[in-house]
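Dropping the structures in below, format is structure tokens.
The two complexes that follow have chain A in common; it is paired with chain B in the first and with chain C in the second.
Entry: the complex of A and B
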């Protein structure tokens, strides 16, 4: 171990190599705090939103910021802050479902491809390449064309489109671990294959899967916002950041407030999540080198 | 009865040559040998001589391309075995790898590592019995309760190799293949592990297949010896006889290659290059 490694992992000698607590850099800590804050806002929306997000006040439209309405009101007199707070729910839950579903499908595919190799790997690999060449947004637009607008077809289509994103990275991680002598030893000693997968393979590829899923979350958030912006995603009066960016009427009339705020939130959320994902990926590669 | 019988065991890979053409390359080109129960066979040879491929075939990690392999009187075929067959094979033959830094899962404590094997192999796999057996196994390899709670990162190379040996012993195998099992350890630790292996063999009558490039080590722990070169067995016999009076020129070269007083690496390299040209050097360890 060189001096650099010693400085980076000061606890390595005493911590006994146990399940290492998450040690993050300052930037990643800030990013994590931002993500946690946004998640908290989404969860506590009913408690912290000052107004009902759908309550219209037609006598008080396009009001500027005031003590009553901190960020003003929109074209129907609804409180913008409340709509942003409630909008965190679909805006964050959508990509979360996309990433969880893509991981649930992609990881087993990658495990099978990486473990058995040969024909299984070829078939899975080609299918993933094919899917990877197909833009997620296009798939979602197709789904909307077939099943109608709404959050559900968009999320399902994106989840399918995101499978290769997760699976390709996972597969190469599996290949790396597959060749490890401790896997060979477990095989020779008669440990059941299912247990080798669960106890040896998965835990050792998990860090890279989590890192990649975090990066994918950022992409999914943007894609879903774009779909909502285009009018394919979230429907009706449900508050959603992507839809709020598309408040054309207000923008034309010289009131871009809600579009700007929603846009800022999207940028902040995606930046924080992407930073976190990249940081986790880098850290994994670094650890891999001196392990 | 013989513990291991190999007849014409072959492993052929498809490799691409410099022009990108596929051609077969025999990592092991027909190895035949027999090890009696309780015996200890050394397999020596340089890198790329096919030793490790042979070990992997014995352990079932690599399907042979041809030939016959019998362990403990039962034929091993290339067909992928089910759970019960794998368990049975595990009790016949275990393997200890060269590098104790990669042969233990970094996430598992020593106790977890051994417990996992005992779950499969103990007749009474209750929690208490397993915990008891973990300590017995550790005691056998000179470790104790404190090491049981450690992860590999907290152990030295020698301690890790002791754990790897304990893992092999956990399946109570008839045969243990030691693939360069002491090569990664420094000399004083090597001696300790070799003593440990001797002691285990004396007590349990386990059969050893000891693969090494280190002639001194082989002399200490094996009764019989085969010398491999380019995938073929070029010499065989009682260990002392082969090492003291090697008949094959390659074995003579190997013996002269051991560093000692008055040893000149350059002269050995030249000799080796001259000898290699006869067959063509593949330059990689399969």
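Entry: the complex of A and C
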């Protein structure tokens, strides 16, 4: 959510033109607007949700859309719209934490591997290969088997599983910059390594890291939704989009409404985010070629 | 590979100095590849084993729950699951068993894990195979169609695959179930079915659910790869030489586009391994996925270990297989790998 504000800065700062503003195509602007809207809905859930998402009305179950309940009610008579609105919170905050944590771990690893090369690179590379052998969902299932169901083990496991996704791209970006004359110059002049990393390395790899993190957000959203769907993620009555898709009994009885709406929201969120991510990646490659 | 090495060694030709060394380098590269693969598989097995061994809550607490049990019984259970051995020894025992197809005894079912897994694995493999065939047919078919028919067909395919690529498998599966099984009643809602034909019929909706996302991915890559080839000079040359268009498409466009197509199809095949877990659970097919979810909920650690290990190994093997296939399809990579390593 707030990451959107954060994303803006490094992008503009590192465009080669110097003062170039954030240039986004029309499609990307729409995607950004969709993401912002969803984030806003999540933030303002207490204000805009018409009902308490947990309030049951057993006399009014599986009601169709009406003026009272715009999207109808579920198997316990809860307002579907309110549950979708509240569900935006775990559904979006979860992947955000996953991606931030994976980036916080993956970027330093990749910087070290790309900068020092040799043994460091080999060790980091092997560790990433091992992590890459585990599909994120499987790692999360293992974590759930260890610590029990819940959002926390799922998010931690996915964050670990997503480290290679971020680190691999970052490492190759670092390798690309490592040999640049201005880095060599800084080294020769005796600029401390930490300063070179912060001032020269990070700003240069930031755009591609952000693009990759955006793409990863989409994957994380799907993976967390799957885990909640399987009953391993969000627990109890807390609404979550993934959990709402899992309305097997209502579906079999011919009331797929909440599953359909939650599914649609997942599709919309994922398409917006991955469009944005792809756009940022493409633009980065284009800029790289121009320079 | 061995054939190549021998052939390269035998001719007392001009390049005597170069050929044998190249063959050896290639064999060496393959050996390193296999060594790395074995190391990766072993490391994964350690992770799977340790994660559950270090988990809070031992098997006996799962078995007995809160009830009071005589110490002798507790001892017997601990002995049965080798819980008093040092952890490295437990791991080696487990691994030795696994290599002989013995995954230990399921805590929940009190049966050997392997008897439970056998049938389930068959269902999962059948489902994944079915889905893979559909993915390749639909994905490559649609992609090629879009590449060769610019304009309206291309636009339609791009639009469809654009939406499908953002639809997670579990959402697709739920919607398919709701519409085609519940609403229209064309397909069964639950269960694996009996007999091959009935089984395939039961697996159709799940397989389609797995296909939607993956096939649109394959279609997009196929389209892009074929477009790139179509614009190439070699295609222009082939056409200028008067080769039949069919021949040009098959030998010059499709053959060259196969490398990226294989890569992405391989990735999808690996992705299917996790995908089946979800779909299996939704349609209650009784495959490995449903077994895994149940085992996790029951804290049936030997079962969870076995299924996780199988799935991770399958994932690693498919990925390695794709890597090798890739080299077969693109001779340039083979030469490069041989020269570098």
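Here, the second predicted complex is superposed on the first by the 274 of 291 C-alpha atoms of A that agree within 3 Å, B and C clash if a C-alpha of one lies under 4 Å from a C-alpha of the other, contacts with A are read in each partner's own complex, and residues count from 1 in each chain.
Note that contacts are C-beta pairs under 8 Å (C-beta built on N, C-alpha and C of every residue); 3 or more make two chains touch, one makes a residue touch a chain.
Please read all numbers here as calculations on a predicted model, not as lab measurements.
Bringing the complexes onto one copy of chain A puts chain B beside chain C with no clash.
When chain A is checked against chain B and against chain C, the one touching more of its residues turns out to be C. Touch criterion met: A:267 reaches chain C, while chain B stays clear of it. In the superposed model, A:222 lies in contact with chain C only, and not with chain B. Residue contacts after overlaying the shared chain place A:146 against chain C, while chain B stays out of touching range. When the shared chain is aligned, chain B comes close enough to touch A:191, but chain C does not. Of the two partner chains, chain C is the only one that A:251 touches; chain B does not reach it. Shared-chain residue A:58: touches no atom of chain B or chain C.
Of the two partner chains placed around the shared chain by superposition, chain B is the only one that A:199 touches, whereas chain C remains out of contact.
By the touch criterion stated above, A:138 is placed in contact with chain C alone, chain B being left untouched. Once you line the two complexes up on chain A, you'll see the smallest CA to CA distance from chain B to chain C is 5 Å. Of the residues of chain A, not a single one touches chain B in one of the two structures and chain C in the other.
Remark: chain A residues 129-130, 133-135, 137-138, 141-147, 222, 225-226, 229-232, 242, 245-246, 248, 251-252, 254, 256, 259-260, 263, 266-268, 270-271, 274 touch chain C in the complex. Those residues of chain B lying in contact with chain A across their complex are 59-61, 83, 86-87, 89-91, 93-95, 97, 99, 102-108, 116-117, 120-121, 150-154, 164, 167-168, 170-171.
Against chain B, in their complex, chain A makes its touches with residues 12, 16-19, 180-182, 184-193, 195, 199-200, 203-204, 291.
For chain C in complex with chain A, the residues that touch the partner chain are 40, 43-44, 47-48, 51-52, 54-56, 162-163, 165-168, 170-171, 174-175, 177-179, 182-183, 189, 270-271, 273-274, 277-278, 281-282, 292-293, 295-297, 299, 301, 304, 308, 311-312, 315-316, 319.
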